[in-house]
């Protein structure tokens, strides 16, 4: 059940079942909620974060990652177990795994790209850039496979497919063309370095969409800005199909119950 | 969490859970409802308005705006908190932020447009129009970012996307063409000045549609008239994709419970 | 809230919540139902009719019209108020207003049409037809804006859009072409004069579809026949998009509860 | 309410509301169920059959036909009346009427078809075939309008539309082409004579799809085989749009409650 | 009801109704669950396996096969019978039958394929391959019609259609082209021999999708890998339409209730 490479990843949206809640949640329920969302608890998966969410579809979101899918799903089961489970409904979720995208350039591909962009093949500048990339590559791989979750206030979550329509079929395009479009797309993202951090996980074969996008923002405005900018990239404009979008704000279990006016 | 520019905006539709209501709402519930919808309460967001709505999907709509997303969502949480939350279901919502559209002409662009429409480059008429626009621009920006809600009886709400179909892909069009279509669209709207007031907020990256449209009308007929007229604009006819439409009539909490025959 | 021209119109489908009904409806509930559906009650809107409906989606349909949208929605609220509201669920509705379609020919347009169809410009036949149309026109307008509901046994209800697809975009067609298609469509309908009576109301800006179609039939077979025939008209075949169809049979409140086996 | 030609037809899918069932159904409920599904009861419609169904969407299906739509719907109302209605949910239904398809060849058309297929105009073979068809025609019409339901063990039910897409618009094709495609389609069906019996009823103007298909099979495998074979016919491959498919097995009320483990 | 060839097959997804569960499941319920999922019980179908599933849509999946559709559905009925059925909701299912695909090459077709790939017509190599295929064929047929379920830890389940769009219509393609695409597709699958085992069953005429895919993986990563790889095959890229995907992990009834924290 442990992937050779990458971690299992779960995103789940929940609402409190207000129709069944006549007063503050019981102390037992609040304790159960605290334990389920505690990233320091012994049983917690490697990564665990929670967010209160805007809008009526969900009150809060939980995101978790671990090599073991049972540990990822255990967070959900801890929330849904009695007695708290009587007062919570999971309204959406996505199941995925982390991976190194085939579009991340190898050292050699990176060199070719630099030269194609005008760099001199044997220049010291090229060598310096190559050295920097070589040092960055393991960290980039680590951040994709076993990412640290940034402690930023806002995040947005959405799944996506690549279109397979007549006249716009991503999976019929040659690798070289897909690669070039993904490079343009990556360029768009780089303009938001330090403002937005991105994680792409794969749902192919596991859930209804091909990819899951997690964007963490230092400010919710950046989430809107980056998604709007990227929508003009050919990879998105022509081939992107997007599922539901959720925006959330980092919170502990107690902050969530307080925001939802269900704490004592 | 506070955007550099613009306010957070929430639209939420609610129905009373008639299946659980055997008589008038309790005084406690009615007080809770009044407080939640009171724009003068200390905790209220900068803007707050409510509407009873026609049709079975919702009994009432609430719209709110504030720099802080937690204050916008707090209105929803105040309605859904116990005990009132047992008798209310949120049936639809949209999460967005206000912004200055990229299609609002700058002074320079406005000048170019006037000249393109036949104005003499150095004429006093042109200068006068430029002066007027320069004075209007800050108010226009203010009205987009931190709009006053007009005190008109009717309003309609709907989200929209721009199409990315093969043969009609808004995000593949050059800015100049999109700009021209948006100018035509704005022209259609101007015919309803004084009858309909419009607010466009952005949901990209935050919710399932790209934009949210709020139209306030002095008469509900104008809402129908403007949307019908605009549907023939190329920006809508060819590129518009529309989500659910809701029509509502401005009301206080008490007027809503009376209209719904749930007041004592 | 009162339109300058036209009446507000509501169509709502309801089912009895059988899961909550352990015996006949109480006398109080039956009285409430009778009052809500009574077109002669003091508070009733200008037009009010009810139908029991075939199929599982609804047990009955209610259609109402009035200049005041609050009076139209009040019928719905009277049904959903406690105690009856505990046992009824509204499963679908449509909000619209009546209007004079832009495709109804003016006297002048009618004359042009007759001549285009081969009539002699100054002939007495033409003059006679013009006279007849001139006399008919005010009644036609009245019947569109403030229609009498015929006392026929069956009716069907469905909403529709005009397509805005690449290659079949109604809103990109010139008025002359749309007008010609609507004239052909009207011709199809005329073949059912005396068998089917039709009302088109507008939902643009008010609800999720652009138009609402109400067909009253002297026999349910005619409803099927006319819709099938019209589907071959270019306006429908190429441009029509249809929402849910409901068929119903005119009934009083008591006939509905008896049909549903919920009366004492 | 009685059609000039054809019978009203109802297909309804039901599930038992297991969430509300803590033990076997009461004797009262079982009696109510038996009576509602009894084709020999005095109030029963002309045709009435029930099936237990595979899969989670429904536990059983009921199909009924009668000249009077109130008698068809009464079967549904008898099931949903208290007390049984508390424990049953109707999950899908389709409302239609029987008719003679416009693609059934008249004697004259049949003759033309035979000649087009190579028959000699005045040959005794042609005359014999014509005689046979003439004798068969009234039975075929009867079987379409007032069909006997075969007592075979399995059946499948699904609604369908004919596509009106750009590039594949059934309703824009001339009758001759539609007729030829329907003849090919009929040919496909004939290969299953004695194995599968088919009934097409019309939902145009009455429900959300244009046609309802009922297939009775001597063996469920034939249901799969015929639908798969027909999918390659141009009428289906290019123009067919299919709704939900349900497969069921003929059963009495008692067999259904036993299969569902709800009998005493 | 017994197919001439092939077995009936059921896939059903379930969630525990947490809203109704205030503590561990009763011993009676747990016993009922154990019996229903016991492949060794006397009444069990020929094949029966259960999986706990990731994500909010289902807590567990059950897959069963038998010549008798009533025995396949009986597994579902045993779970939904009282008292356990009060606490379980079936959230998705698919009804299908096993069959020999028309694209499995006969001996003769296999020979033609080898020659087309460059084999010498009368060479010993060709003869050896033919012999091997001849020995393999009965097992392959058996594995398709009456498959053994591998005892691997993970599985994914999803239904699919072949597209019938304008410009990409599988059912309009000649057999030779479909056959070649399916051969390419099979080739993709062979790269996962020993890692992934696949079963295709047919839902045509029985349920809403044409085929049901079951993939068993020695590691969940392989499920993602194979589906991603195959998506580039023309049969999938151009013609595949995919329904919901579910991923699960093999488990007994007790392991499921423990994972879901509902066991004592």
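Note that the chains are named A, B, C, D and E in the order they appear, and that numbering of residues resets to 1 at the start of each chain.
Keep in mind that, in the parts below, a contact is a pair of C-beta atoms (placed from the backbone, for glycine too) under 8 Å apart; a residue touches a chain by one contact, two chains touch by 3 or more.
The shown structure was predicted, so the numbers you read here are calculated from the model rather than taken from an experiment.
J.: I want to confirm something about subunit B and subunit C. Since they are copies of the same sequence, is their interface symmetric in residue numbering (over half shared, so same) or not (under half, so different)?
T.: Mostly different residues: under half of the interface numbers shared.
J.: Counting only Cα atoms for the centres, state how far subunit C is from subunit E in Å.
T.: 48
J.: So what's the Cα centroid distance for subunit A and subunit E, whole Å?
T.: Subunit A and subunit E have C-alpha centres separated by 30 Å.
J.: By residue number and range, which residues of subunit D touch two or more other chains?
T.: In subunit D, the residues touching two or more other chains are 20, 166-167.
J.: By the document's touch definition, which label belongs to this structure's chain graph: line, ring, star, complete, or other?
T.: Shape of the chain contacts: a ring, since each chain touches exactly two and the loop closes.
J.: Considering the complex alone, what residue numbers of subunit B touch subunit C?
T.: Going through subunit B, the ones touching subunit C are 16, 18-24, 52, 54-57, 153-154, 156, 158, 165-168, 215, 219-221, 223-228, 231-232, 234, 236-238, 240, 244-245, 247, 249, 259-262.
J.: Which residues, counting only subunit D, touch subunit C once they are in their complex?
T.: 1-6, 8, 10, 12-13, 17, 20, 69-70, 72-74, 76-78, 80-83, 85-86, 88-95, 97, 99, 164, 166-167, 169, 171-172, 202-208, 210
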